[in-house]
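Just so it is clear, A, B, C, D, E and F label the chains in written order, and each chain counts residues from 1 on its own.
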Amino acid sequence: MSESQFTMGQLTTLCTLLHNHKWKHVIEAEMKERGYKFTIGKVGAMDLSKIVAAVETSAKAKQVIDPNSYREIHALYHAIIEAIQGIGRGTVQFGDILRTVGLTFCIVRGEAEFAHHKDEWISVCLSGTIGAPRKGYEHDVLGFGFNHI
Amino acid sequence: MSESQFTMGQLTTLCTLLHNHKWKHVIEAEMKERGYKFTIGKVGAMDLSKIVAAVETSAKAKQVIDPNSYREIHALYHAIIEAIQGIGRGTVQFGDILRTVGLTFCIVRGEAEFAHHKDEWISVCLSGTIGAPRKGYEHDVLGFGFNHI
Amino acid sequence: MSESQFTMGQLTTLCTLLHNHKWKHVIEAEMKERGYKFTIGKVGAMDLSKIVAAVETSAKAKQVIDPNSYREIHALYHAIIEAIQGIGRGTVQFGDILRTVGLTFCIVRGEAEFAHHKDEWISVCLSGTIGAPRKGYEHDVLGFGFNHI
Amino acid sequence: MSESQFTMGQLTTLCTLLHNHKWKHVIEAEMKERGYKFTIGKVGAMDLSKIVAAVETSAKAKQVIDPNSYREIHALYHAIIEAIQGIGRGTVQFGDILRTVGLTFCIVRGEAEFAHHKDEWISVCLSGTIGAPRKGYEHDVLGFGFNHI
Amino acid sequence: MSESQFTMGQLTTLCTLLHNHKWKHVIEAEMKERGYKFTIGKVGAMDLSKIVAAVETSAKAKQVIDPNSYREIHALYHAIIEAIQGIGRGTVQFGDILRTVGLTFCIVRGEAEFAHHKDEWISVCLSGTIGAPRKGYEHDVLGFGFNHI
Amino acid sequence: MSESQFTMGQLTTLCTLLHNHKWKHVIEAEMKERGYKFTIGKVGAMDLSKIVAAVETSAKAKQVIDPNSYREIHALYHAIIEAIQGIGRGTVQFGDILRTVGLTFCIVRGEAEFAHHKDEWISVCLSGTIGAPRKGYEHDVLGFGFNHI
């Protein structure tokens, strides 16, 4: 499989996992060639609302979505919540249940073709660690969300 | 970052996403060098219990876990359910709500060090598509679970 | 269908949706004729516990329930939580996931007949908007709960 | 408030609740005047997947959505699941937990303006009864979902 | 603490856990002295709806509730679902996620005093094992529900 | 059934329910004879994270788990969350939805044999009351979690 065979969602997750690795450049080059808009960032918190805010803010600041379009904000919001459900695995809570997260995120927006229709979609990957609020007492975690925009 | 800096969980997800890509060999080599046991497989179904069964069976067949140890089966089972929660994003259901999945999975077991203690852990990644039971009417999905074993 | 054919639950929802409309009088007249006790109010917040408190307080203040009967408080409480689950759609959270609500609520208590038994039931409707904490960046939402009292 | 002040979501719920009432004509006239596409139907089942299928099929048959656009099917699907979460109140299950539903549904699609942007949105209301699989042993229930399309 | 200081809910759980133990007689004597109605039974299944049905049927057959009162059936039903949520721990599913349960249940109905009001309440305890559909590959589980009736 | 026929999980729950009763000594003697490590404590709060912290802290202070082993902390953590799911019955929240809990907890760790394999497991029982933040307006509640360690 060449890079061009990765789906938009796969590129999103690879971008998150490889952000410190040399392969990252191949992934980013592929996303740029396809005309995708994307942003990569980091956020750590026990407060869930800070995670949502950090991801949303990054997407608006980097023009991945139009910060004045509620429609686009709505599409992104639900994709973020879906990704957080993968992080939470059963309950959408961090500090409330005494766990903290340290996450790298990647948000990608672009055209994808499904059943002969080419439309815009958005995908969100959150990847990092979850655990006790004590360095080293945390394990890997990953969540992914996808929506039409 | 060299390959050796990936965490066990990151290798699990990369292995799933890159199973058709040339980079796969680098990931697999790294896992072997670390002495990880792992298995990669595919499963597609509307019936959720078939997904659970396929992943569990593969781990037993490939000796990733001891099929006669309830302790190990229990560790794997909860890691699978965690990964499925990332796939389901809010509800652990496929056919019941008229959606089907086509997944590649990777299960990795090995030693990882947390806060100066080296113990065995298991991680599960499920990656593929979810959607209507109609070719092309489905989008990317990814779930990840992690447990001590 | 005449007004008298609406169920208690339907009247509760209609009362909430029509509270600024001329039809409201027809709905309220019907509820009064049947001897229902009810209250209508408004509440807006990011803090979920304030929503629960506002609805509960209104029911007690307007004597829809006896504020000294734990039994009645318990019946109302579970009806409120059910209604909030319709608002939350998958997770019972507002500010924690960076969303705020502006709701009109109606609580109705009265006799309803099921399978030849006439008993008292309570229903709660919450209706309004949910969205980002920014005027206009929110969409319609509605939740409904029902319990024996 | 005149009819024209109802939001798209309010009209959807009113349409469902008033489908046998004389006021229905006022609601439908308002929706037509605004150029909304909509469909009203009924479905009863213990099998959750039948409920999802019936609502989806009606929207496609009545051209509320384009049956060949995965994007539109995706938008509708998530709106349906949101509405079912209001019906289920905590768990998206009917027959699995020995309860059955008898529902009237209304699906509305049209333009709505949020923060000076006019875009297309879709809303779904499910309204009826839920309870034991025995005539008369069931109570009112209502669920509502909303999505960009 | 004498037996008479146990709450109704505590007696329900003790009755379930001690059904094969000599102490059971002390618990049952206490429940009879207080005028409680109760039933004890067993059920094992992968099919969740069979568990719900078995518990419901036992309560009706032993006259713990009036089988013709929807109000009483409703109270019991929600108490059963609450208890099953303790069994399921995060998702109300057994066979769907390839696990089976073997349960002893106790349903108790009677008067309890809260804040100077004496009313009737119902409590349900389910206790036993959950695990793989293979003898010995299962662990302890317990769920408890409580409702006004 | 003699005391020695109780499972580890049953002893955990009995220890919680009988902590003020004379039978407690029989239960504790049995646990000691089997070489179980355990701790019993109390905690009351609206703030969920305080409940998690109190249970965790007690297990570490009483050496039921090694406070420096992330593996053991992870095993305990998931058992606590499982028990809280039984307390929450559908949503893992207390103060957020305006309810408070007063709980007695027991954590037991020891060897148990499943299918001819003897390994270490941990079980957690939380038992007490849940309700409005007003003395007497609360009812019985119980949650139970179990994990390999």
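The criterion applied here is as follows: contacts are C-beta pairs under 8 Å (C-beta built on N, C-alpha and C of every residue); 3 or more make two chains touch, one makes a residue touch a chain.
Everything numeric in this text was worked out from a predicted model, so none of it was measured.
K.L.:
Please identify each chain that touches chain B as well as chain F.
P.N.:
A, C, D, E
K.L.:
In degrees and to the nearest 5, what turn takes the CA positions of chain A onto those of chain E?
P.N.:
Best-fit rotation on C-alpha atoms: 180 degrees.
K.L.:
What's the call on chain E versus chain F, same or different interface residues, using the half cut on shared numbers?
P.N.:
Both copies touch with mostly the same residues.
K.L.:
Does D-F or A-C have more contacting C-beta pairs?
P.N.:
So, comparing the two chain pairs, more contacts are at A-C.
K.L.:
From chain E, which chain is the farthest off, judged by mean CA positions?
P.N.:
When every chain centre is compared against chain E, the largest gap points to A.
K.L.:
Of all the other chains, whose mean CA position lies farthest from chain F?
P.N.:
The most remote chain is D.
K.L.:
What is the distance, in whole Å, between the centres of chain B and chain D, each centre taken as the mean of its C-alpha atoms?
P.N.:
Each chain reduced to its C-alpha mean, chain B and chain D end up 36 Å apart.
K.L.:
Could you state the distance in Å from the CA-based centre of chain C to that of chain E?
P.N.:
30
K.L.:
If you average the CA atoms of chain C and of chain D, how many Å lie between those two points?
P.N.:
A distance of 19 Å separates the two centres.
K.L.:
Out of chain C, which residues touch more than one other chain, so two or more?
P.N.:
In chain C, residues 70, 74, 90-91, 93, 96, 114-116, 121, 136-139 touch at least two other chains, as defined above.
K.L.:
Work through the pairs of chains, note which ones touch, and then classify the graph as line, ring, star, complete or other.
P.N.:
Topology of touching chains reads as complete, every chain touching all others.
K.L.:
Taking the complex as given, what residues does chain F use to touch chain A?
P.N.:
48-49, 52-53, 56, 70, 73-74, 77, 81, 84, 91-93, 96
K.L.:
Applying the document's contact rule, which stretches of chain A touch chain D when the two form their complex?
P.N.:
Interface residues on chain A, with respect to chain D: 68-71, 74-75, 78, 114-117, 119, 121, 147-149.
K.L.:
Which residues of chain E touch chain A once you look at their complex with the stated criterion?
P.N.:
So the residues of chain E touching chain A come out as 90-91.
K.L.:
Which residues of chain E touch chain B in their complex?
P.N.:
Touch residues, chain E against chain B: 91, 93, 95-99, 131-132, 136-139.
K.L.:
State the interface residues of chain C toward chain D in the complex, per the touch definition above.
P.N.:
1, 5-10, 13-14, 17, 20-23, 82, 85-86, 88-90, 114-116, 121, 123, 125, 127, 134-146
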